[in-house]
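Okay, so here's the structure we're looking at.
Every chain is named by a letter (A, B, C, D, E and F) in the order it is written, and numbering of its residues begins at 1.
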Amino acid sequence: MKLSARNVIPGTVLAVIKGATTTHVRLEVAGGQVITSSITNEAAEELGLKEGGKAYAVVKASDVIIAVD
Amino acid sequence: MKLSARNVIPGTVLAVIKGATTTHVRLEVAGGQVITSSITNEAAEELGLKEGGKAYAVVKASDVIIAVD
Amino acid sequence: MKLSARNVIPGTVLAVIKGATTTHVRLEVAGGQVITSSITNEAAEELGLKEGGKAYAVVKASDVIIAVD
Amino acid sequence: MKLSARNVIPGTVLAVIKGATTTHVRLEVAGGQVITSSITNEAAEELGLKEGGKAYAVVKASDVIIAVD
Amino acid sequence: MKLSARNVIPGTVLAVIKGATTTHVRLEVAGGQVITSSITNEAAEELGLKEGGKAYAVVKASDVIIAVD
Amino acid sequence: MKLSARNVIPGTVLAVIKGATTTHVRLEVAGGQVITSSITNEAAEELGLKEGGKAYAVVKASDVIIAVD
């Protein structure tokens, strides 16, 4: 599947933290940067996300804010 | 200013592409990954975004989709 | 690629309307419902979107508002 | 109330799954497609969402990713 | 129509700035605060947005970042 | 830090409601309007959000829907 989302960032799952309905996923990507995502518990189970597993962070360009110091 | 957004990713501006109302910004971040953002022209001007300048990509955890092969 | 996004809706491309930096895509999905998406021009070209082509509308659960009359 | 959001999709509530602060709502729309939304518990109560009830899934065009096989 | 979105903020249209596919709308809300929205040109026309007209800014709770100095 | 997000709205924290993974924050802004945000528990702790404290609601223009009666 090819996506229109401009940002498809490969990484390794560092942590999968499950809440009542929402799961937080930490992904280590290039350069040691960590990206946090919040997804539904159902999605986390369906994708079989496990520490050490390979995954991508997918972000639409319109969801990226730019900041400067 | 400290942000609740979990993803504040430092990088260098590669390109600033202005449209009628929307500007696309390309940021090179760690590991050579490129992040694309779409912001308003007004914001791009206000932030004085220039090729080679330092900037951050800011993404809320709830805007990050996780994908697996 | 499997996605955490809960909504992956198959459809047929009805229209691809290109702007200065942003393209609007109309997709006809089941029951004749039409879904509109706005993506970058680059993405529209990369995906080779054409009228009559098959595509999916992908929406994160956290981006869906519920309304009642 | 008329909305700028391009996607206002009528459906029937299939399930309302309440978490600690977030509720997941499943809506069956035309063609048997199911749309999942995550909203606040407060919103779910205020809207009086019940299985079998009528509701709409509202999605902004800029929140719709397009994917192709 | 009642919405699950927690933020429905009444205001007066200050400006409607049309681009190739995207329109920027400025709304003055209570206390003189100005809220900017970007919507499709089609939506702006359909809603008949005019300077001085009444409108609401609608924002989902999950799209609001919190910041502190 | 300067942000591309067009809407940076100052206010006072009214309430901080913690769930399993997600915290809801209520902010009173000008004119008595209340803005609700949902952020990660981690973010709420990191920002030290407390009732009566000063904070900003930050919203990207592309996340603001416009509605009319």
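The criterion applied here is as follows: a contact is a pair of C-beta atoms (placed from the backbone, for glycine too) under 8 Å apart; a residue touches a chain by one contact, two chains touch by 3 or more.
These numbers were taken from a predicted model, which means no experiment stands behind them.
Participant: Common contacts of subunit A and subunit E?
Facilitator: Chains that touch both subunit A and subunit E, as defined above, are B, C, D, F.
Participant: Just grab the chain with the largest centre-to-centre distance to subunit F, centres being mean Cα coordinates.
Facilitator: Between subunit F and the rest, the longest centre separation is with C.
Participant: By mean C-alpha position, what chain is farthest away from subunit D?
Facilitator: Between subunit D and the rest, the longest centre separation is with B.
Participant: Subunit E-subunit F contact: same residues or different, taking over half shared as same?
Facilitator: Same-residue interface.
Participant: Let me have the rounded angstrom distance from the C-alpha centre of subunit C over to the C-alpha centre of subunit F, please.
Facilitator: 29
Participant: Can you give the whole-Å distance between the Cα centres of subunit C and subunit D?
Facilitator: 17
Participant: Quick one: subunit D and subunit E, Cα centre-to-centre, how many Å?
Facilitator: 21
Participant: At least two other chains touched by the same residue of subunit F: list those residues.
Facilitator: 1-6, 19-22, 24, 36-40, 42-44, 47, 56, 58, 60-63, 65-69
Participant: Using the contact definition from the top, classify how the chains connect: line, ring, star, complete or other.
Facilitator: Shape of the chain contacts: other, as it matches none of the listed patterns.
Participant: Please give all chain pairs that are in touch with each other.
Facilitator: A-B, A-C, A-D, A-F, B-C, B-E, B-F, C-D, C-E, D-E, D-F, E-F
Participant: Going by the contact rule at the top, pick out the subunit A residues touching subunit D in the complex.
Facilitator: Touch list, subunit A to subunit D: 1-5, 19-22, 40, 42, 58, 60, 62.
Participant: Subunit E touches which residues of subunit C in the complex?
Facilitator: Residues of subunit C touching subunit E: 17-24, 36, 38, 62-63, 65-69.
Participant: Where on subunit B is subunit F touching in the complex?
Facilitator: That would be residues 1-6, 37-40, 42-44, 46-47, 56, 58, 61-62 of subunit B.
Participant: Inside the complex, what are the residues of subunit E that reach subunit F?
Facilitator: On the subunit E side, the touching residues are 3, 5-9, 24-25, 27, 29-33, 35-39, 43-44, 47-49, 53-69.
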